[in-house]
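A, B, C and D are the chain letters, set down in written order, and residue numbers restart from 1 in every chain.
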Amino acid sequence: MLKGNPLGDPHERPLLVYTPPGYDDEPDRRYPSVYVIQGYMGYLAMWRNRTAFQQPYPENADAMFARGDAPPAIVVYVDAWTAYGGSQFVDSPGTGNYHSYLCDEVVPYVDALYRTVPEAAHRAIQGKSSGGFGAMITPMLRPDLFGLLATHAGDSLYEYSYIAGFPAAVRHLRKYDGDISRWWAGFRSREAFTAPEDGDLAILLGVAAAFSAEPDGTPVLPFDPGTGVLRPDVWQRWLDWDPVRMVPRYAAELRGLRGIWIDAGTRDEYYLDIGATAFRAALLSAGVAQDAIRFELFDAAHGGIGYRYPQSLAWLCQRMAT
Amino acid sequence: MLKGNPLGDPHERPLLVYTPPGYDDEPDRRYPSVYVIQGYMGYLAMWRNRTAFQQPYPENADAMFARGDAPPAIVVYVDAWTAYGGSQFVDSPGTGNYHSYLCDEVVPYVDALYRTVPEAAHRAIQGKSSGGFGAMITPMLRPDLFGLLATHAGDSLYEYSYIAGFPAAVRHLRKYDGDISRWWAGFRSREAFTAPEDGDLAILLGVAAAFSAEPDGTPVLPFDPGTGVLRPDVWQRWLDWDPVRMVPRYAAELRGLRGIWIDAGTRDEYYLDIGATAFRAALLSAGVAQDAIRFELFDAAHGGIGYRYPQSLAWLCQRMAT
Amino acid sequence: MLKGNPLGDPHERPLLVYTPPGYDDEPDRRYPSVYVIQGYMGYLAMWRNRTAFQQPYPENADAMFARGDAPPAIVVYVDAWTAYGGSQFVDSPGTGNYHSYLCDEVVPYVDALYRTVPEAAHRAIQGKSSGGFGAMITPMLRPDLFGLLATHAGDSLYEYSYIAGFPAAVRHLRKYDGDISRWWAGFRSREAFTAPEDGDLAILLGVAAAFSAEPDGTPVLPFDPGTGVLRPDVWQRWLDWDPVRMVPRYAAELRGLRGIWIDAGTRDEYYLDIGATAFRAALLSAGVAQDAIRFELFDAAHGGIGYRYPQSLAWLCQRMAT
Amino acid sequence: MLKGNPLGDPHERPLLVYTPPGYDDEPDRRYPSVYVIQGYMGYLAMWRNRTAFQQPYPENADAMFARGDAPPAIVVYVDAWTAYGGSQFVDSPGTGNYHSYLCDEVVPYVDALYRTVPEAAHRAIQGKSSGGFGAMITPMLRPDLFGLLATHAGDSLYEYSYIAGFPAAVRHLRKYDGDISRWWAGFRSREAFTAPEDGDLAILLGVAAAFSAEPDGTPVLPFDPGTGVLRPDVWQRWLDWDPVRMVPRYAAELRGLRGIWIDAGTRDEYYLDIGATAFRAALLSAGVAQDAIRFELFDAAHGGIGYRYPQSLAWLCQRMAT
């Protein structure tokens, strides 16, 4: 699916498939599966990163199953890295067909090689930040594949999560005559993240590549980089991917889901606590049953919330077992 | 004009009229006039406030004329305070008719009592922040009265200057069950500005009263306070007052102006440097002559830019003298 | 006392003496007096400054007496401004003899012209920030004059309130080859506070002039401006003026005071909540009676706490009446 | 050397020894060696961590040698993790003998197993942050072992790098009645870094364990946690480990070094750019030759400077080759 992707990224990707304790002991047993996707700037090998006083998520997930906190499941860690730093898990002429890659290549591959229960009711998707976004939208688009989701601080309510970053980008781009491709060329030719604008502009460019690329793959910014004025048609392409705004269009699909975990920190720098609140409200308006939703805001910023992934993983597994 | 205003604010207001050096010596001479309006939270008596190492603007303006830096003019300091802290210089059922008060009461009064040149070509308006906003819109609405304007960090490009504040307001309003009137009642009954949310919410409420009040005067927020979701129709009422968006509607009026001073600091917390840039671009697109515009971005934040008022005052007076 | 001061500042100063309601009706009655001093960058006329939704302290104090919240007192607002922006209310070859001016000129003058009770037990001093510092030290030095004090976020515990600002100053001074007199010359010749370093360096220079001037008046910084290394002897001169460190030396004087109000905000940018805590602890260690002290930390930063002045004023007046 | 360490940490540690390209081809050739130590919260496995658009240092170092940017060297990555998150590379009753472990166990071990040039003139040490501190002090203490050093943003000038954090710690400790051991007990029993105070207090506790532990291993804070007042004797124990203050005591040792690389970012949150400047000035005052020192301040904060390690590594290798 990724062959010929516009950025020349590898079309073969690493995949990490975890089988739970006991998998080999019961060769006929089938297991539910949970697909885990990463935030912007994430790629598969980073799941092995270590930090002080904390364990990598795959180890925590394993420990969670080992403790018996949830029924066992196969956990599939998917890579959707691009040269821009991420794909938003959509099909785009700017980055490649990462939605199709996940749904039409990875899922069948896993189902073929592992003893999954190959049904949406037993297949969940989980992610944080951009990965939370992917976890929200993928089941809307493919309810035949995914029947549950967990979003941790997932991108949503773009008037707050994205617009707040645009004026900073306008200021940064003054250095580059308003031409983000000039920044990009420089970024690629020097040490990354040594200019203060690098973080902001990398995400902006990558999301534009995912949401608003020209047919030839050129990313188009949702605002005029000289004046900052929103470009309504381009901005609308972004809004069309806002999970909060997508809910009414996918109401039937969402009503069919077995479990939706939504959380975020109340100090999230991208205001994704508000996005989470709005997403839940939209779900309820769309007729999703209250008891299908697990919602929590907690005291945290956008970073440092990885300890919650095992919690939603356990919840997803419990939901799939009922 | 302010009689019966909905907030019960005084309908008689203080007015400070400055006559330049020599005014009494030449009893037949007529002078151009410059109307000065204040930012949000400002009222007339504050022009006398003193701070370390700085002089009040009226003294600096007087010194500027005394040095002969510009042809003499009458300077009129106007009060548009309301119980909410400001009026945005518009007519509104939420606050009162401050636009009409300025144009139809103060201007005729000054023209009657002082030896002005009572023509738009010799009448300018100047302000900072919300006062800059007032200075931008008043000549659009009343080109028969005002032929020049100076805006210092004037409110504009609302997707950045206002939207960035909405998510903070949503978080603040959690304490008040999403009901800003509960915050307001508390604010009025205790020491002002002792709660961290006071500054943000006061401006939000006041601007909603100015731009999006119900016919009965009740301010309506441009977003759902529970979820943060923008209310498109209410938000559109705000956008209808965005100077950048108003320019095309008032292109002819703006082309008739003799001088437009636009400036802002490049670190403005409300991104009004970007607003200033967009306002200038909109003017040029509307056919305003480049040499009618004086534009500058400089190294500053939103505060601490009062030293620039005498500069634009001198420029306005010079333009009116040509 | 201020004649011949090293900065050429006026030796005659404005003084604001408030007499309470009823003062003229009882021509034989004598009143306690409270001396009010200002924070750094403050001068007498600033007491008349107005801000939104708030009243100037002198009006709030008058209202407090008018309501009968405390026994009446004479309130004396003292000016100790210097060309550097403040004096710290000490005698210094760098700024002038502002301690002596307050104690040996203002107090006798007020006692001569107004019907005070001219005794320490009926004379209090109150201030905020640098004024709180002055309120702490003046009764230590002159217990014969002042028998009570109120400090709001008063300068103290200099390892936190001052040292935290030194590295920023070192960075700022790189622009000036480490020579603060070069910054000062520039500051005086351009618009004040238009360079980001102006606020920090102005206070640093002024405090050095007050605490560590050469005999000829030249301020000496407590650190090497090139390397930031503390100059132990100069820094010790500052520490000698740290109220927390002064307490043991003035234990007897402090034990004689009738009332000590100490407060600060728990988010004070200069950590004066910790200074307040340490000052109280030092007082208790020095044998000051617990019930002579009124101590409170409250939710606030360094600014915006003027609403508390009438509260400590009332308390001081009540203490003097007992 | 780490057997019986007071925290019960493993006494056997991982060690990563890199041999340069060609090492196996020239079995008689001996190589200089560079010891690399980590910042606080770092442990050996973290060298393999991956982030977007960047490579791990060991890979960058290898690429640097492969490009021929410097003469080949053996690079030794040392682990000095403790249960508190770090050791500061000193011998302490609070953490263990990490200085001796490095000097008397790791160095002999490497010299025995690898073809090093086992002389100080051909042995260097490099580190960042706390690792930079270790790199500064270890050659002072053991000039017989280490003849060159590179410090990137190394801890120094403690009045700025450490004192600035104490008042925040005082505020944090109010929640714990001033008892950091209560915080520590909580931290160990819940998800790490989920309380806002966790980062600050972890470093404070660990450094106190390294610099000012009781003989029985109990860490003693350098200030009274209730009042914030510095404890002069404890604080002096910290200052005795300030590289800037250590220089005069180790002047002869430092004059004997062949190369000293010092750098830091001008926006370093711990002001280590000022520490770097002061360290260099102290070296020059101690008679270290100017051309033995490579000094640079650059535009960066404390984080994100890993791209500089290969630069100082190349420089150290070049110095050792001359």
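Assume a contact is a pair of C-beta atoms (placed from the backbone, for glycine too) under 8 Å apart; a residue touches a chain by one contact, two chains touch by 3 or more.
Not measured: the values here are computed from a predicted model.
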Q) Can you list every chain in contact with both subunit A and subunit C? A) B, D
Q | Chain separated most widely from subunit D, comparing mean CA positions | A | B
Q | Where subunit C and subunit D are represented by their mean Cα positions, the distance between them in whole Å | A | 44
Q | Length of the line joining the C-alpha centres of subunit A and subunit D, rounded to whole Å | A | 37
**Q.** CA centroid of subunit B to CA centroid of subunit D, Å
**A.** 56
Q: Provide the list of subunit C residues touching at least two other chains, using ranges where the numbers run on.
A: none
Q: Counting only chain pairs that touch, give me the topology of the graph as line, ring, star, complete or other.
A: ring
**Q.** Listing of all chain pairs that touch each other, if any do
**A.** A-B, A-D, B-C, C-D
Q | In the complex, subunit A residues that touch subunit B | A | 157, 159-160, 163-164, 166-167, 170-171, 226-230, 244, 266, 271, 273-275, 277-278, 281
Q. Taking the complex as given, what residues does subunit B use to touch subunit C?
A. 41-43, 45-46, 48-54, 85, 187, 191-194, 202, 300, 304, 307
